[in-house]
Amino acid sequence: MQKSKTLSTSVSPKGSLEVLSHHEVQLLKASSEHSLYPIFRQCALAILNTGSDSDNAKDILEAYPNFDIEIVQEDRGVRLQLHNAPADAFVDGEMIDSTREMLFSALRDILFNQTASLPQRSGLSDSENITHNVFEFLRNARALRPGANPDLVVCWGGHSINKVEYKYTKEVGHELGLRELNICTGCGPGAMKGPMKGATIAHAKQRIRNGRYLGISEPGIIAAEAPNPIVNELVIMPDIEKRLEAFVRMGHGIIIFPGGAGTAEELLYLLGILLHPDNKELPFPLILTGPKSAEPYFKQLHEFVNITLGYEAQQLYKIIVNDPAQVAREMRQGIEDVRRFRVERSDAFHFNWLLEISPDFQQPFEPSHENVRSLNLSKDQPIHLLAANLRRAFSAIVAGNVKEAGIKAIQEHGPYEIMGDAEIMEPLDELLQAFVSQGRMKLPGSHYEPCYRIIR
Amino acid sequence: MQKSKTLSTSVSPKGSLEVLSHHEVQLLKASSEHSLYPIFRQCALAILNTGSDSDNAKDILEAYPNFDIEIVQEDRGVRLQLHNAPADAFVDGEMIDSTREMLFSALRDILFNQTASLPQRSGLSDSENITHNVFEFLRNARALRPGANPDLVVCWGGHSINKVEYKYTKEVGHELGLRELNICTGCGPGAMKGPMKGATIAHAKQRIRNGRYLGISEPGIIAAEAPNPIVNELVIMPDIEKRLEAFVRMGHGIIIFPGGAGTAEELLYLLGILLHPDNKELPFPLILTGPKSAEPYFKQLHEFVNITLGYEAQQLYKIIVNDPAQVAREMRQGIEDVRRFRVERSDAFHFNWLLEISPDFQQPFEPSHENVRSLNLSKDQPIHLLAANLRRAFSAIVAGNVKEAGIKAIQEHGPYEIMGDAEIMEPLDELLQAFVSQGRMKLPGSHYEPCYRIIR
Amino acid sequence: MQKSKTLSTSVSPKGSLEVLSHHEVQLLKASSEHSLYPIFRQCALAILNTGSDSDNAKDILEAYPNFDIEIVQEDRGVRLQLHNAPADAFVDGEMIDSTREMLFSALRDILFNQTASLPQRSGLSDSENITHNVFEFLRNARALRPGANPDLVVCWGGHSINKVEYKYTKEVGHELGLRELNICTGCGPGAMKGPMKGATIAHAKQRIRNGRYLGISEPGIIAAEAPNPIVNELVIMPDIEKRLEAFVRMGHGIIIFPGGAGTAEELLYLLGILLHPDNKELPFPLILTGPKSAEPYFKQLHEFVNITLGYEAQQLYKIIVNDPAQVAREMRQGIEDVRRFRVERSDAFHFNWLLEISPDFQQPFEPSHENVRSLNLSKDQPIHLLAANLRRAFSAIVAGNVKEAGIKAIQEHGPYEIMGDAEIMEPLDELLQAFVSQGRMKLPGSHYEPCYRIIR
Amino acid sequence: MQKSKTLSTSVSPKGSLEVLSHHEVQLLKASSEHSLYPIFRQCALAILNTGSDSDNAKDILEAYPNFDIEIVQEDRGVRLQLHNAPADAFVDGEMIDSTREMLFSALRDILFNQTASLPQRSGLSDSENITHNVFEFLRNARALRPGANPDLVVCWGGHSINKVEYKYTKEVGHELGLRELNICTGCGPGAMKGPMKGATIAHAKQRIRNGRYLGISEPGIIAAEAPNPIVNELVIMPDIEKRLEAFVRMGHGIIIFPGGAGTAEELLYLLGILLHPDNKELPFPLILTGPKSAEPYFKQLHEFVNITLGYEAQQLYKIIVNDPAQVAREMRQGIEDVRRFRVERSDAFHFNWLLEISPDFQQPFEPSHENVRSLNLSKDQPIHLLAANLRRAFSAIVAGNVKEAGIKAIQEHGPYEIMGDAEIMEPLDELLQAFVSQGRMKLPGSHYEPCYRIIR
C-alpha cells in the first residue's frame, strides 16, 4: 500500500555526460550478482526525495516501496528508466535538472567506489592509502580544479534549525558570495542549504555564472539529508570518515553554524586534527557564527571544548555573533593566508596535502552498541585521541537519530550507552540535553526520543 | 553638507565591453557643449543607489551633491572615474559587478539615443519610425536574441508592496523559472524584484546559467526605481512611451501583480492596445495575480475596467488568485500559443512586429498641469482612446509621486486636476483612494500627500 | 545563355545572428525604391564566387545573369533565398559555412552604410567625421575588440603571385601564427590568402581556437578579389579610402609581400601618412618581405621610393629577404613597441586614434580619365602630397585592371594617361613594366593589356 | 658528446589540467622504485621530437642523452621541468602548445596504465577484460564523447610516402573536413599527418572550432612516429594490439592510404576481424584510396588479399583511385549506415561494443625471432586465423624496421625468418619487395636493409 504521489519516466544525462562500459551497466542491474543496484536505488530515492519534510532515512525509503530505477544503454550513452518515483522531483512531469544531474553523480560515485576500493597501493601506508582514495574520488567527480584560486568555504551546521538561524545562514552565504567565495556543505536542508541560497543570489549580483555549490554526502546519510536542489556538484563519498576528510582537504576555510550532534561531530573531528602537532603552523580559518539568539548555544559549546580539550583548542576558532559581513571578511582574509601558505610550501590549492590526519580519524567507526559502550571517554589519553573518541560518540548519535541502520539498531537494542569520566560525561549530558530542548536533534514537528543514555 | 557615506574609485567594464569613439567620450564630458553628462550622471547615480529606501528621485539626486563621474580613454577601452559615489554599491571597496555592468549599459543607451534620435527615416510614417527606433534601441543593447524560443515574461506591479505580496511575486518567479521562462520588469524594487529573485533560484535548480533578468527603465523613473542588482540586462529607453512599447514588443506574455498608479498605467496601456481591432486575433497572454489578501484589489480593478472599458476589455486578461504554479502553467501555455502564431505568420520571436500600436500610445505625454487638466476622460470617444487618456492620467500621477520633474511641478503649482465624466471620475477616485490607503503610492514608512485632485 | 553550374537554396545565419527590422528587410528587396538590392546582389555574388579563377569583376558578375538573392523574415530571424547561385560555394548541396557567414556580413555592412552615412556629426571636422565613420563601421562589424592585446598583422601583397611567392606568404603566416599573432588582409587570393592559411595551421598547433583572419574589402574590389574561405571576419567598407584607413587604424603592424599596382598603392598610402610630421614619434612596424627570387622586385621598389619620396621614406620600413621566422620575430617586437606606446599615451589598442591622416588620403578618388590626367605628379609639392597623388595613380590602374566600372571606362575611352615630371615618370614606367612582365597585373594565364599610358 | 640543439625550461599544463596525487608524482620520479620515469622520459622525448626526419626510435632516443624531465608539484597543480630538450619543440624559447598538451597526455596515460592494468575484473572473460581496459583508457583520456554523432574517420597509411601521395592525403582530409568529419590516425608523419592538415583547413572554412585530430599511439612506436603537431588529442595505449582495438572500436569508418608493413598489418587486422561470422551484419565502411600513381600498389594489395584470404575478404573494402570528394561522400554515406545500425541495436556511438574481436587479435604478440619463425602461415586453418598470423608477421617487420627493441634484436640475431606455404610466401615476398622498392619501409633518403628473410 503506497500513498505518496509518484511518476514514471526516463531521463538522459545533461551536461557532463557519463560514459559507462557494458560491464558497468551490468553491475548496476538488479539482476546481476554482486550488484550495486540496492545502494544505487537507495541513493537515487534520496535524491528524488528533495524537499521532503522527513529526516528519517528508514521512513523515506519505505514510503516508495515500488520505486525502481533501471539503467539502459543507448546510442548516445545511458538513460535511466524510473518507475514510481516521488512526484515532487518533477515540474509538470519533467524532472528538475539539478535532480537529474545528481542521479548521474550518484551513479558515477557508486561505480567508482567499486573500482577504486580494490587495490591497496604498494608503498603506501594505510593512512596514505585512504587519503589517496579520498583524492581519487574527488578527482573522478571532477571536484578538484587545479587552476582555481582558493575560494571554497565549507559550511557546517544543523539540518534542523529555526527560521531565525536559517535566515542568518542565508545572509552569511550572501556575504560570502558577494566576496566571490564558493560554498561546500553536507548538502541537506537547514544550515546546509541556507548559505548556498544566499550565495546563489550574491553570485548573480556579481555575475558569477560558475559558482560552486558543492555537496558532499555518503550513502548512509543521504537519505536523511537529501541534497537540496541548489547543490550543483554532488559527491557521495564511501563512508562518513572519508566524507569528513573530503571536507577538510578541499575546504579552504570552515564556518560552523548552530547544529546538533552531527555538527558537534564535525567540530570535534576538525579540532582533533588541528590539535595534532604536525598541523601547528598550518593556517585553517574556522569561524563559529549564528544570530544573536544563538549566542548561548555557542557559549555552551565553547565551554564544552574548554572542559574536554582545553583552552588550546579554543584558540583554533573564532566565534562571531550576528555579523554576516564580518564573518565573510574574516573568512576571505583567512583564505588569503591559506593561499600564501600553500604557495610557499608548494602545496596544491585544490587539495590540502599538508594537513596531517591520523588514522584514528580515518578508520570507519561502526556504531554498534558494543563499540559505543567501549569508547574511551576519559582524560587518560592524548587530547587528540579524546577528540577522536568524542567524535565517535556523536557519530553514533547521528546514526541513531537519522540513519536507517542506526534507527533499526536502536529499535532492537534500545539506546546506546555512553560511558566515561564524570568530568566529561556531565558537560556532555548538558550539551546533549540542550540540543534536545532546542530541537536540534530532529526536524521540527517531530517528538524526539533520545537514542542514547549517558552513564556517569 | 552631505551625510551619505561615499567612496571614490575607478572601474572598467567587464564582459561585454563597450567600444567608444573619441567623439563619444567627448560628448560625455561635463565640459563639452551639448553634453550628455547631466543625464549620464543622473542615471549613474540612480544605478549606484541600488537598495536605497527612497523612491523620491529628487531626494536621491540631492543626497549626493558632490557625486561626479568621468569617462577616461585607456589602452584597453574606457574606464569610469567615480567621485563620492554611494558606498552601498560596493563590497569591501569593490563595486558589485551588476552595478558596474549597469553603469556601462547606461552609457551605451545614452550615447545611442543621441545617435539614433536624429534621422527621420524616409518612407516611414511617424508611428513606424517610433517603432523602428524602439527596435534599434533594443538591438543596440543586444536585447534581441533571434535564435531563442519565446520565453520572456514581463512582470508588472508596484514598487511598494507588502511582505505577503512580495513573497508571492518571488514564488511566481520561482515557478516561471522552473519552467525555464525568463523575466523582464521595470527593474526597481517590490514586484519588479521579487520575480527575478525567485527565478534566479529556480534557474539555478534547472542549471540555466544564462537566465535573463531584463530591466527596462527610462531616465525619468530610474532614480526612483533604481535597478535591483539581479537585473542582468538593463536598457534605458528614451521616454516612458518607448519603454512601454519595448515591454509589449519584447514580452511574450505579461503578468500583473498588485501595484499603484504605475501598474494601472501599464494595464490601461496594454488593454488600450489590445482593444485595437487589428490586434483581435493576436494571442497575448495577460494574467493578473496576487496572494489571497490581494483578491479585493483585483476585484476593484476588474470592476474599474468594466465600468470604463467594458466587459470586452475584461476578456483580455485572466485573474488567478494565490496559485503561483497555475500562473506559470497558464503563462507557458499562452506563450506556446504565441510561438505557434508567430511561426504561422513568419513574425519574429524576438520582436512583436504584428502588434498594432496607434500613435496615441506612442507620442510622449508631457504631464504639465495644463495637459493633465485637458485630458478627455469621457465616454464620448472610441474605447481605445479613452484607455489612452486614462493611461495618461495615471502617468501624470506617477510623475507627481516619484519623478524629479513631476515632484517639482507639484511643489510649485499644487496637485494636478483630473476632470471628466462623473461615471468615470467616481470609480477612478475610489481606485486611487484604495491605492493610497493600501500604501501603494509610495514606499512604506512615508506619509503620502496626493499629487492630484479628482474634479467630478 | 548561361554556362556556369548553379544551385538554388535558402540559408539562415549561423553564429552571430543579425537582427533586422522590417524597414531594413524592405530596403534590401529588389522592388523597393532606393533599394540596396543591386549592391547586395553584387557583393553576394562575389562572395559566392570564392575560388573562381578570374579577377575580372565584370566577367564574374556577367557569368551569373540569373543569380538572385532574396531576404525573408522568419520567426527566428531572417533567411536568404538564393536562386542560380554558383555551385562551387556548396559541398554536396550545402553552403560552406564561411560563405554563409560572409553573406550575412555583407548584409550587415551594406545596411549599416545606409544608416551611418547620413548624418554629419556636429562639432567634427570633415576628416574627423570620416575617421569616426570608419570607427563606427568596424564597431558595428564587431571587429574592434577592446580587451585584446595588440596582435593584428596586416598583410598586403598581390592577388596574382607565383607559386614560390605564395608558398613564402604561407610560411610567414605560419611563423606569425606560431607567435600568436592574427592576420588581416584584403581578403582575396594570393598574398591575401597565403598568410591566413599558414596562420590557421600554426594556430591549430598553438591551440588557438579564436584566431582572427580578418578580410577588409569594399564593394568595387570584392568581385575581383573574392574573399578566400579562411577569412572568418569580413568587413566591406564603403570605399577604397575607408578600407585603407581601416587597415592602418586597426593593424598593429604591416607586412608587404610582392604585388602589383594595388600593393604599390598601399605602400604609398602608408608612407604618405607616416611621413606626416605629427606621426613622427608613432611606432608603426612595416616590413617588406619575399622569397629570394623577389629580391630584385623589392630593390626596384626601394629605389622608386628613394627617387620619389627620398631616403627619409626608406627609413619607415625594413626589407627582409627569405627569412619568415625573422619577419615574425621583428613584427612581434615591433608590436610590443606599439603596445608600450599606446599604454603610455592612453590610446586604444583596438583603434589607432593617434595616427594623423590628412584629408588627401581620406577623400574618395574617382578614377575618371580626367581626374587621372590632372594628377600632380611633380616634386613641386610637399612630399606627402606627392605620395597621395602617386597613390591615386596606382589606384586608377587597379580600377582599370579589375574593377567593373574601371574596365568599362577603359573599354570606352582607352587607357588612362598618366603625366608628370620626367624624373618621376621614368622610374614609374619602369616599375609598371616590371609589374607587367612579372605577371603581377592580372591572374596568371591571361594576357595583360595595359590600362594606362605613361606620358613623359 | 651531444650535437643536437637543446633547451631547458619548465612548462605547466594548459587547458584540461591534470590533477595528480602525491603518490602519482612520486611514481614519476626517476628515483622511485618501480618508477614510471623511463617510459615517461622516452615518450616525452618522442613528443618533443616532432618534425624530426628520422623514424629510427633508437637513434632518436640516443640523440639526446642528457635529456631529463622532472615533475614538480605546485600550488595550482603540477609543472614539468625539462633539461636539454630538443630545441625544435619551441618557438622563440616557448614550447608550442600542442607539444605541451601532448606531454601531459603522455603523463596521464602512463599513470593510468599503472592503475588500470592491475585488477582482473571478476565475471569477465580475458577478451572482455581487454576490451574493458581499452574502453577505460579511452574514457580516462576523455576521448569518448557520448553526445556526439558518429563522425570519426580513421586514416591509416604509410609514414613514408612520396609528395604526390602526401598531397593526396591532404586533399582527402580536406574533403572529409568539409563534410564535418573528424580525423583519427596513428599520429606520425606522412599519411598520418596529411588528412589532419587538410581537415584543419576545411574545418576552418566550415567554422568548426572543435574539430578532432585524434592520434593513437603506443610507447614502442611513438618515438619512430612522433605525433605531428596538428594532433589535438593524443592517447598512448599500452601496446600495439590495444592501439589497434582502439582504432576499430572508436572509428566509424576507415580509410587506407598507401603504406608499408604497418599499413598491411592494419589492413590484415581489420579484415581478420570483419571476417569473423559474428560481424557479418555489422556495417564498417572501409576505403582504400590513393592518387593515380598508387593504382598499381592497390592492385597488388588487392591481389594479395585474394590469394591469402579469398574473394570474400575483398568484399569488405572498396578501392577508389584519385577521387577525394568521392572518397568523402562514400565515407559519409557509410557512416550514416553505421549510425542507423547503432540506433537500431542501441549500441553506443562512441564505442563499437558490438564488434566481435577474437583473442587472437587482442593478445600482445612479442616479435622474438623464435615467435616469428613459428608463425603458422598456411591455409590449414580458418581464414581469420591466417589473417591474425599474417598480421603478426607484418607487425614483426614494423618492429624490426623502426622500434627500438626490434632494431636491437635484428642487430644481434640477424633478420627474422618468415616461413610458410609457398602459395602464401610467394606473393608475400613480392609484396614486401614492392614496399622496399617503392621506399615504403623507411623514410626517404635512408638505405633500407631488410629485417626479414622469406623462407619459401
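Which chain is which? They are A, B, C and D, in the order written, and residues in each are numbered from 1.
Everything that follows uses one rule, which is that a contact is a pair of C-beta atoms (placed from the backbone, for glycine too) under 8 Å apart; a residue touches a chain by one contact, two chains touch by 3 or more.
All figures in this text were calculated on a predicted structure; none of them were measured in a lab.
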item	value
Contact-graph distance - origin chain A, target chain C	2
Greatest separation from chain B - chain, by CA centre	D
Interchain centroid distance [CA atoms averaged], chain B/chain D, Å	63
Whole-Å separation of chain centres (CA-atom averages), chain A against chain D	46
Centroid spacing, where centroids are CA-atom means, of chain C and chain D in whole angstrom	44
Where chain A touches two or more other chains at once, by residue number	none
Contact set on chain B toward chain A in their complex	14-15, 91-92, 96-98, 101, 178-179, 197, 200-201, 204-210, 213, 229-230, 232, 329, 332
Sites on chain A touched by chain D in the complex	13, 17-19, 21-23, 33-34, 72-77, 115, 118-119, 121-124, 128, 132, 135-136, 139, 144, 146-147, 339, 342-343, 346-351, 353
